[in-house]
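Each structure below appears as structure tokens.
In the two complexes below, chain A is the common chain; its partner is chain B in one and chain C in the other.
Let's look at the complex of A and B:
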């Protein structure tokens, strides 16, 4: 597992921790999910529950206190790894069988959340995570704004391509 | 072409009646809040500043929310019974989510005294407040719930239409530009629904960004964001919401007016070009709300003026021309429904014109902080959107013959319209006399002329609000009597 091998290096700075480690684990989960849960059929209520779980997972691991503890406590760090892997693993079947409306709402709210978190990190002049520096915090904020804006554009792309399908 | 079953139509009618009853209940209550505000400005009652802003917030958020919701519900009904299969379960889900959001806002304002105005202008909901922080939090969460509910409804409706009409470009009518002959005629209501609702998706998701930022600051009060960024996001969301409410209503005028004139109203290249212009420019028109913000980049200010003209004029001109072409020598029988649509279109045109005046930078410099602003939006909302909604409610409750013969309803409508325009005239007069807007009362203004004129106009306005309520009650009686008599409304048949 990439994260276990490079865990120390990834936990060294905030951008690495937030922008590399979290998404990498999530993407690993997605790859696993697309390999092993291809044919799983998930009904509407479960897919909504999974989306809420994924959103809450991201919110939780973006909280300053969670980031701090994950950076200094190995056990808590493992929980983060598993959580993000599971979130990514569940995303594929949930997305595949979700209603179009739910997909767009999920992607749109996710984009909004990441952008807002990025802006907050960017403008906040007080150190939020004692394990990192204020410069790293601002750099992370900038990248989150870029990722959030990209995700917003992706949401619109999914929306318009969904509407264009004949 | 899709076949909609009688059972499905019945289900959709129940849904739209649920929305209609909610509207009929909430709307007069919100008018009473407006009456209390004008009485306070007219120095006839004393609400106190805090209560005034609480009422102003609930009046603004409530009206924007309920008018959009009923406009959307009517579109949903017309589309769901004619052009596409819509899931009534989703419709009820949206309804109950909206209800939950509205309940949250009512608690936050009336109990929590949240009074930041509908625009929540940053840093207002957090700094210099007189209400507890829980009220701010509850308002933000309620708005998020409302936004999600509306988004679900919009996406469901547009997606169903896209599946039925063979893709998004067909919904925008591009096949009329590409080909000489089209395989399947596009109903104008479908084109206008798309033009109205799709920009809503873009704006509502952007709106979620500012609401999440507000939520973050609510939990971490030491946070401070860029006020200009937040103002841009808020008005992108708010302006688009109000604008699309109006266009939703225009959609059903295109669909229903031909039933009374007996003339088809079809989509052609000109209609496609004009409404596609609206589709694009509606997204940039909100810049005109930021003319007073000197730090806003100058090109955006120019873009605001240009987009305001280009989003409003083509669609308005083409619709006015269409309405005239529908009515001229048509021998239409002037029942309450076509009358509501015609008078509503007039209100839309007058309000739209004064909105375009206000979106002109040179005029906005003088008019921006005056009563001209509430004048213009009350013209196209109360004198436009509300009349379209009333026309639709009559369409639900009355048969074609009944609406022609219902003299009481016609009397109520005329009384309402005369009172509305007289009430709005006090706002316009106030705007031209530089009476400031968003003032709880004018007692603190040292210029005696401004103080006395502001108070006098508010007193006159209160009388006309009373009259318009009387007109509304008369129409209510007519609608409720007819609705209670028929089990399944004939929908204008």
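Let's look at the complex of A and C:
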């Protein structure tokens, strides 16, 4: 797998670890999910349960403690890979049949979470992750704010285009 | 009703995992997690032989007075010196009736590979000649694994970044009581000098009573 091959390089700096490795694995999971998973999660409650799992996975792997252990411990890094792949894989069937409102809430919360994490990394003048430097921490924070804002704009776009279709 | 249980159950599992991982949503960094995992305060300070800048071997428990301990390494590019500058200010906020008779300061280097007695002596000199009661020390005849274990038990995290050799570590200041227990922990990034002095003074007064 791509991430396993370039794992050392991807874990070398915080921006690579947080902005390339994590999303790349998630996207890889989405691609696999859209290719191989024909199942729809018909039940709304299962869709919500999967969204909670995906959100929690991102929260977990954005915690400074998890970032550190994933960068230091190869075994824990593998757990991150598998978790992100599974989260991406499950997103596709969950999205296929989710209510429009649920999709919007999910996207909005996700955007808010990424932006908040970015602000925290940007604002703190103390080192939060021992495996990286404070400069990398601030750079990652800036990019997370940009990505979070972009995702928020995308959420608004989906929301208004969905409304106009209705 | 059953349908509600599925997302609720999912949320409960996720919160449990994150809650356990962060010691009950209280330790989000590896520094605070290591400190939490070491145990609640007050707790005994683990014993380790140390050698100070004069070459004198000592154990903290033998001091039988309050000791403010911090950990540094001399090749640190920034943070350690900043913390030591803060300790210098704290040191000078106490008068001679307290330091060194009731309170001492001990700065311990954990760079066993690079730092030695001569280097810590030179480094101490940067803080002036008149700093009796503030020792700089190294672990004495301690293997790396033994010292790492000691740090874990104290609650101090350290990690040497392979690419740069920089040692990222906890910068907590630990207050050890005369009966060799850790009674207070200060975070120089959050606690200002006056808060630190006030809390140490309160401990000293408690001891006097």
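In the analysis below, the second predicted complex is superposed on the first by the 161 of 166 C-alpha atoms of A that agree within 3 Å, B and C clash if a C-alpha of one lies under 4 Å from a C-alpha of the other, contacts with A are read in each partner's own complex, and residues count from 1 in each chain.
In the analysis below, a residue touches a chain if its C-beta (ideal position, glycine included) is under 8 Å from a C-beta of that chain, and two chains touch if they have at least 3 such contacts.
Quick caveat: nothing in here was measured; it's all calculated off a predicted structure.
Trainee: Put the two structures on top of each other at chain A: do chain B and chain C fit, or clash?
Mentor: Aligned on chain A, chain C fits beside chain B.
Trainee: Tell me the contact category for A:126 with respect to chain B and chain C: first, second, both or neither.
Mentor: Touch status of A:126: both partners.
Trainee: Which partner chains sit in contact with A:151 here, chain B, chain C, both or neither? Use first/second/both/neither.
Mentor: Neither chain B nor chain C is touched by A:151.
Trainee: If we overlay the two complexes on their shared chain A, which of chain B and chain C does A:105 touch? Say first, second, both or neither.
Mentor: In the superposition, A:105 touches chain B alone.
Trainee: Touching A:56, do we find chain B (first), chain C (second), both, or neither?
Mentor: A:56 sits against chain C, while chain B stays out of touch.
Trainee: Who does A:30 touch here: chain B (first), chain C (second), both, or neither?
Mentor: Touch status of A:30: no partner.
Trainee: Applying the document's definition of touch, where does A:45 land relative to chain B and chain C: first, second, both, or neither?
Mentor: Touch status of A:45: second partner only.
Trainee: Answer with first, second, both or neither: which of chain B and chain C does A:85 touch in the superposed model?
Mentor: Neither chain B nor chain C is touched by A:85.
Trainee: What is the minimum C-alpha distance, in Å, between chain B and chain C after the two complexes are superposed on chain A?
Mentor: Least C-alpha distance: 6 Å.
Trainee: Identify the overlap between the chain B-contacting and the chain C-contacting residues of chain A.
Mentor: 126.
Trainee: Which part of chain A faces chain C closely enough to touch in the complex?
Mentor: It is residues 12, 43-46, 48-50, 52-53, 56, 59-60, 63-66, 68-69, 72, 125-133 of chain A that touch chain C.
Trainee: So in the complex, which bits of chain B are touching chain A?
Mentor: 90, 148, 151-152, 155-156, 158-159, 162, 166-169, 171, 198, 201-202, 204-206, 208-213, 215-216, 220, 222-226, 229
Trainee: Write out the stretch or stretches of chain C touching chain A in their complex.
Mentor: Interface residues on chain C, with respect to chain A: 3-7, 9-11, 14-15, 17-18, 21-22, 27-31, 33, 79, 157-159, 161, 163-164, 166, 168-169, 189.
Trainee: Going by the contact rule set out above, which residues of chain A touch chain B in the complex?
Mentor: So the residues of chain A touching chain B come out as 100-102, 104-105, 108-109, 111-113, 115-117, 119-120, 123-124, 126, 148, 152, 155-156, 159-160, 162-166.
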